[in-house]
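Next up: the structures, one after another.
You will see chain A twice below: alongside chain B first, and alongside chain C after that.
Up next, the complex of A and B:
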């Protein structure tokens, strides 16, 4: 091969490469801002269950139908052996949202708006909350005195709220679930009294209320450990006459309360009925059956 | 928690009457950590009756007494008491539905069959029920495709199109196996249905009453009938006679249909070879079946074997009419079943922005349609709802509904609201609260209904978590 031929060959290869880059590859374009806006598009706003990144699927419709049924990140395609940039960025952004949900606090305005009074477990910081679950279920003498001053003893129902592992879950759901529960309970002739909010709270903190104030049913609304699917999932733990050290099987939990799971309003209506059933059967947990 | 519902299906068709019993298995599929999700997990046909010719009186009315005897006999054979039956449907199909005492026969039978057995008829519903019995909707879901099922009985061919289990369209043609009858011994033509007479005349065919015929003589008219079927599913241009052969409506054919399945008595001779006497049933059923198997319907479409043929409608009536509501619902009413309640479905625009005034105005205006002689009937209001909504939005929905339904509230009827999205429990509780707990409320979700539908709501099942419902797409009138 002489030099001229070599140069020609190189030219040809280079021109082929540049023309490939120019060709409109829809897969590449998605990750790039589509117009000249000032901001890059917010990846977390994309409903990835409706996006299929596989360039030439054999059956796009069916794949999307499968995707609609799961939160798993299917059909994200790849670059060589690695994730594509938008897959990785979305993963990082969801992870960051989960971290934020754990380490942020429920806002004072929210608690004020809902008329909750705020106390704290024995944990004095988020770090302690994460490393000392035993302290997250205990209260100081002063806090217990506050409970006794604020809450009605031997109430039929005592509702309480805890941040748990996601303040974002409380921020997202509390406004809708509390009025739904109250309305439902009222239908059964049950009153909701004052509601405490416990910062750095673990589920068994409700048992202390059971011991100290002897309500019949305690319902604890608490933020769930956030995942990559949602950071806003809340649970309701409900028990009949809970006491410190009781078996976990005496609690009933309604989990997955968030926009993509059970809507907060509908969950609230269901919880009200569950509380009524517990009061009728005078028991809770797995012995109640389903 | 597992529970069984015993369901009956009774089909009175142009040529045959039959019944089946099936068991619907019901189970709470949710884990103990979430709200309940009660679903029908399995449908199992536990008894298939004999098939009898639909008894007719001399004056061409249905012999209700004989049918009742037949049903009683089959109940005994199955060892089932009327009291044990929890749900089901009696359906009157094909030409039988057009007999003057059809409604009467239907009502006698439904009352006799059990408390929550619905009586129904109408070509649309028949198409849907038979296609479901034939397994077409399941096939379309499992293969994510579009399919048309043609249920070819004695008097009519009922078409239903499903795409991935969603019903797209229904249609009905006056084409069937008994529209020309031939004496089994003399091979003389004993009956030609009026529309077929017209078809024969139009095509200039040489066929008339009393004429002795061979299968070959009938082939031309049978082929014309097959052509009309090809036209009905869009693989042949529609002829001038096509509008004439339509019972009430044909398919809209807005998209290409990939697959086809057949049910009804004629289907047995579509899927299977026929040997021996072609006139053994005294009609053209076998000829029609064989002609379809040799037609473009088989070469231009993917043919799917149906799970039921002659029993598709009765299995559909027994196994596929009952649905269950969503699992978080509200009802304060005690006196179930509620039967034959017409649906008033709001347009999406009426719900836009959840404006109580807009909702109320739309409801009270549309409620006027349901007034008979200025008297308000019982009506169920159906709305779409919202996927994730706030508590204030629930309140606005409830206020709008109550204001719009004021005229209904004055009556003794319970307030019935059907919402598509998962919000019936909170909405029902809200309505009940706004009514000062003085007026009964039934608020269910997870059921798809539309204007023109009627709904029956049965006694609570699964510890009272859910209500069984039957949605009917057109009641006999």
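Up next, the complex of A and C:
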């Protein structure tokens, strides 16, 4: 089966599965109908790539044509040398989304719904998570015992999820990406066992799983550091027989998984294919054709 | 007399292990030092370290570099870059006396510029560690460093900017649209400088060509730079890319520079190449970027505090007479500078240490989104550094760099900073802006400014 066909098939299966599953997202409130007169319009919904605030531009058409190709905040105009009010408030809105993505937790409801079991790195708080990257890749002995009780040793594939630097990325993508990966792997005859969720997690935490349970391939789904354009971007780090202290080059990463980048369903199918190839070649040092 | 590393204070005795320990513990709070486990454990211990440090001499800190001369190229370049006459004149001063000498009314800008090659990074860091925020601003304000590449920047009464309009796809069209808007706000007299996504010769050339064409078509007196790796720019320049100067990130240990893929020999080769193939007369043909915490973030700190390593970085950069040094303390994240207070303090320190060592310091107080630092913190740092006399800042559309995913100074900030300090663009660029009707003679924007499409007519 070629990759395009597989992606199509997975998309279809997953959309059938998830259409009945969506529930309210507890971290971010659902957008309210902005056409209602009771509401001040939702500033975060304005597509500023299509807006030119310069009162008398020398060349409006060309400005807008180029602006449409970039998220850069161009053509915003000014009052004196300062921002217009809408420019300032939009910047603050996007920064708020980014900060809230970092400083909030993934909801228990979501983890339960997805059937994940929850553990934590050695970091005891968000603050420690952000200032001690070394602890975010380590586990206590009790946590390791928990992994050993819950996870199958020497599995072909071990999927794991970490909040990383964006809980919002997990909230936004997990419902789509887990079924997509599972379906994809199933088509290759591969089984996905229990999936742990690691709170206050850094990428190399996956290497500990490699050492303790010796799966062949580990795939870590983790929230990326948010930018102002999106706070919902997730990455997948995949490695063949990862081990603590290995060179970073042994990890393959698929980044930019979000609605405006690679959608989660499509990324999931791609990840399943990568895992299969990795198992065949018995190395993660493969150059994957895109 | 041997060095005294012991004192009593507030009823307690403090014995410091060596100069490295004193320097680390004398540092104002930084999360990078806490992460390394080298920070003072109490406020009194911090002050005790400052007191011990104030009694060490310039000679003590120069003759006992925190990483030995034989083991580390950054140490060697710091020491080889000294002017022995100037060093001899200062070496018996204690760090406490040095602080007073810098701040004294009797010490002129001339005196400070002449002594800039008397100090290694360790000395500059030591004196900055016993200075308060206003000391750092006042001391730096006395020192003006002028450099020339294609045009000259840093003259008293001027304030310059790098226009930084990066693209997530290295698309010259959106990059140049951003530049059009940026220069209309007066941003871009330090340079038009773009970070490519793809670090290769092709992207570097494509961006350089696009930016250079815009610059020359509109006769803008400034410089073009593309911030790929030094070796990539060199290859691009050999193939004819129209670059005005060559950029590189540098750090304060040889181990960190190895990680960045840079060393003294390479920088010397880059300088010679820029002289032969670059589009500028010089004599300043290099652009360095630095920032507290880069060494610890890659595990190449050797147990030295991030502020001292930053000053050693300046001692490395100084050797090559750069056109501009841009400090990006705040870029890495809360594991190196925890909050707004730490970021602001680090920026004031870096600007002062760089100026003391004779560098054309520009500042990029900035923040990522995984820290508590906000736009307000960043603007406060920027205004303080403006009072301190920073040579230049960045100019990013609304401060949001869509490619590097962090926030920096904006076109609007650039224009407001000039008004606030009554400073003007670099003279040639100012004349050009007046000719295009974008700015008046006092450096204030006209009604035309802000519309990039005037260059599309």
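Convention: the second predicted complex is superposed on the first by the 242 of 290 C-alpha atoms of A that agree within 3 Å, B and C clash if a C-alpha of one lies under 4 Å from a C-alpha of the other, contacts with A are read in each partner's own complex, and residues count from 1 in each chain.
Heads up, the rule we're going with is that a contact is a pair of C-beta atoms (placed from the backbone, for glycine too) under 8 Å apart; a residue touches a chain by one contact, two chains touch by 3 or more.
The structure displayed is predicted, hence computed values, not measured ones.
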item	value
Combined model on chain A: chain C and chain B, fit or clash	fit
First, second, both or neither for A:199, with chain B first and chain C second	neither
Touching partner for A:241 - first (chain B), second (chain C), both, neither	neither
First (chain B), second (chain C), both or neither touched by A:251	neither
First, second, both or neither for A:156, with chain B first and chain C second	neither
Partner chain(s) touched by A:227 [first = chain B, second = chain C, both, neither]	second
Which superposed partner A:276 touches (first chain B, second chain C, both, neither)	neither
Residues of chain A touched, compared between chain B and chain C (which is higher)	C
Touching partner for A:59 - first (chain B), second (chain C), both, neither	both
Touched partner set for A:137, first chain B, second chain C, both or neither	neither
Shortest span in Å between Cα atoms of chain B and of chain C, once chain A is used as the common reference	7
Footprint overlap on chain A, comparing chain B with chain C	59, 62
Chain C - residues contacting chain A, complex	31, 34-35, 165, 167-169, 171, 173-174, 177-178, 181, 185, 333-335, 338, 368-371, 374-375, 397-400, 402, 405-407, 410, 412, 415-416, 419, 445, 449-454, 456-457
Interfacial residue positions of chain B with respect to chain A in the complex	1, 28, 32-36, 144, 164, 328, 330, 387-391, 394, 422-426, 428-430, 432-433, 437
Chain C-touching residues of chain A, taken from the complex the two chains share	54, 56-60, 62-63, 66-67, 69-78, 80-83, 87, 91-92, 94-95, 98-99, 101-102, 130-134, 165, 225-229, 231
Sites on chain A touched by chain B in the complex	59, 61-62, 65, 175-176, 179-180, 183-184, 186-187, 252-256, 259-270, 272-273, 286, 289-290
